[in-house]
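Below: one structure in structure tokens.
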């Protein structure tokens, strides 16, 4: 299993991770190294555990009753599940974009300012600066710069998702998790999001869950293939899609199942 | 075939009549009280004190008394009810403890109002030694309306979609900050609206305040929470049943009934209208 | 960081104590009722309650028999329920299945108003309008009878029965209706032969809840049922309910006297009756997935 190229830093390391929903085991013995400032894609058929896995990287599974994780998840070499770990700091460092865009019923400005305000930024001009920066990075600024005070609910689906990206960037994360960010969008908006991801990876480590293999091939540097809670194969995207090591990977890629 | 159709038409007719008999009865009560009560209502009636033990004069102290009791009840029951609801929706897990809380709420909702009166007498008036007072009455009424407020608040909280919580937590907010900034503001209108119904009940109830707060003839207006009060429902009860000149003072009775009815039904209508407006505001 | 954790724990425990308040209040209510009532067991003894005469204020012999009060409450409640059931159920069926949407928008809130009328106002109306009516209609000595109380209480129970039966009817899967109609049954037949039977448990639960409400009613009954503690099945006589007894006599008892304690026993019996009624209906509603309002 090829991890990464020499010279790349490892942002996230997962060691012997097992995950349980109550008595049901969802992830089995996952070991993975995710390089910094690259795009890593998780693919696999429905129910294979990729969403569960990505949500365990920012401990969003904690809010579900009865979940349990064994093993280690290290971000910048610190175990995020240690009893001393600060979940709030973790979620500042690791942002998340959800499958269905979920703007708050507030103004565009207040949506993006929500995160910084929570973390103590009160100065109006500083907030304005943050909002503008993030909207620019999310390729949304030109479209909304004249209506920052209008409700975010008035934006189109694609715009709302880019707003959510801007909102996540506002807290200055280092890692951005995206759980099927474009699955609810039309092809044009999807392409916009993919272009965005290409731009963002210069600054952020990006992990994206997708059920769309072509998207994974287009957008990611590394790909992990999950099946029924197991990590079947992890490697450079080009290698996975042209010359996979595991037969299961090949079967999935060529569409024999899933 | 035709026989069946006619007999069905007849059945529909019967159903319609039965339903509208109820409507008729309600309308009759409202109109009767309105017609007989309106002549008794005057500025004097609403702003002066009773004379000749209620046979003449006005009902200002009763109006004030009801007002004080309602304020007292809300002051206690609203925050406690809202916090209970927040605990139940946002924090509580499915444990025996949570189940017992829910059982307790349902039990409380079913306890007769006079039993609350007995309870208030035993605990607040006698044991805590508050005496018959606004304080004892408000606390008793608060216990009575607590379930209503909890249920209404829970409903309002549950109507805020889960993504509001997840989205906020994913941005690094703590649980309480998430609730305070991203759930509560959207649930609050619904919470308050639902609680108005509880308030309406508190204003109209006689039995709980019978033994804990109310008096018929008080020479002075209350100046502290430890004073007794006059109250609209109790005033009406005494005027109608124990006044020596009960027959003669029918207009006073009707006037009092109208004011009370106006207050309670008015509150209910406000609650219904607000509920519709709140539902329209956040079309999640 | 520890400060954050501490603050979060503090908030959680504060909210938890607010939550447990309901349990505490219920327990306190039980506690206080029993606290004041228990001395009666030793003197004059629980047997005193199992009597047919309630005459607590007497120079010769004080009697604390609960039977007249219990039968008074039961008589009034049963009558009221009997009156309320047809109106409540037919009304519920009409509103949910037959009425046009406009009608429904008017009927529902209008009947809710009935639920909001304070019981003392209904009692007053009963005193001034209904009692004379019944007196004249049936040629009685007085209009203050059990039936008068039942009529008023029926109209207090109707909104409860209506709204919960309505919920029950609405939650019948439309597949049942469609299957019946597809077999050629008329709408009316479908309503009464398929939908209503399917909603029956919810309807029964609504009736029990209505009964629970009626048993616990104080002011309206106190004002119109005549306040005569007798054991009678005749609806045209005056009776005394448990609730009216407590309300009427509590103000005048000496604290700690036998009479005082006996009244608390009345309260206990009342509590138990309403508790059982509510418990059964709650279980039934929960089992069929509906939560009462």
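We call the chains A, B and C, going by the order they appear; numbering starts again at 1 in every chain.
Just so we're on the same page, contacts are C-beta pairs under 8 Å (C-beta built on N, C-alpha and C of every residue); 3 or more make two chains touch, one makes a residue touch a chain.
Not measured: the values here are computed from a predicted model.
Located most centrally within the structure is B, per distance between chain CA means and the overall CA mean. Across every pairing of chains, the maximum count of C-beta contacts belongs to B-C. Separation between the centroids of subunit B and subunit C, computed from CA atoms only, is 17 Å. Look at where the CA atoms of subunit A average out and do the same for subunit B: the two points lie 50 Å apart.
Centre to centre, using the average C-alpha position, subunit A and subunit C are separated by 56 Å. Contacts with at least two other chains are made by residues 4 of subunit C.
Multi-chain contact residues of subunit B (touching two or more other chains): 174. Each of residues 88 in subunit A touches at least two other chains. Considering their complex, residues 4, 7-8, 11-12, 14-16, 18-23, 25-26, 28-29, 32-33, 35-36, 86-87, 90-91, 93-95, 98-99, 107, 109-114, 116-125, 127-129, 155, 158, 186, 188, 212, 215-219, 222-223, 243, 246-247, 250-251, 255, 263-264, 267, 270-271, 274-275, 277-278, 282, 293 of subunit C touch subunit B. Only residues 4, 8, 11-12, 14-16, 18-19, 21-23, 25-26, 29-30, 32-33, 80, 83-84, 86-88, 90-92, 97, 100-101, 104-119, 121-123, 126-127, 143, 146-147, 150-151, 174-176, 197, 200-201, 203-207, 210-211, 233-234, 236-237, 240-241, 250, 253, 257, 260-261, 264-265, 268-269, 272 of subunit B touch subunit C when the two sit together in their complex.
Interface residues of subunit B facing subunit A in the complex, by the touch rule stated above, are 93-94, 163-174, 177, 181-182, 186, 282, 284.
Listing the residues of subunit A that touch subunit B in their complex gives 58, 60, 63, 65, 88-92, 95-96, 98, 100, 102, 104-105, 114-115, 118-119, 164, 167-168, 171.
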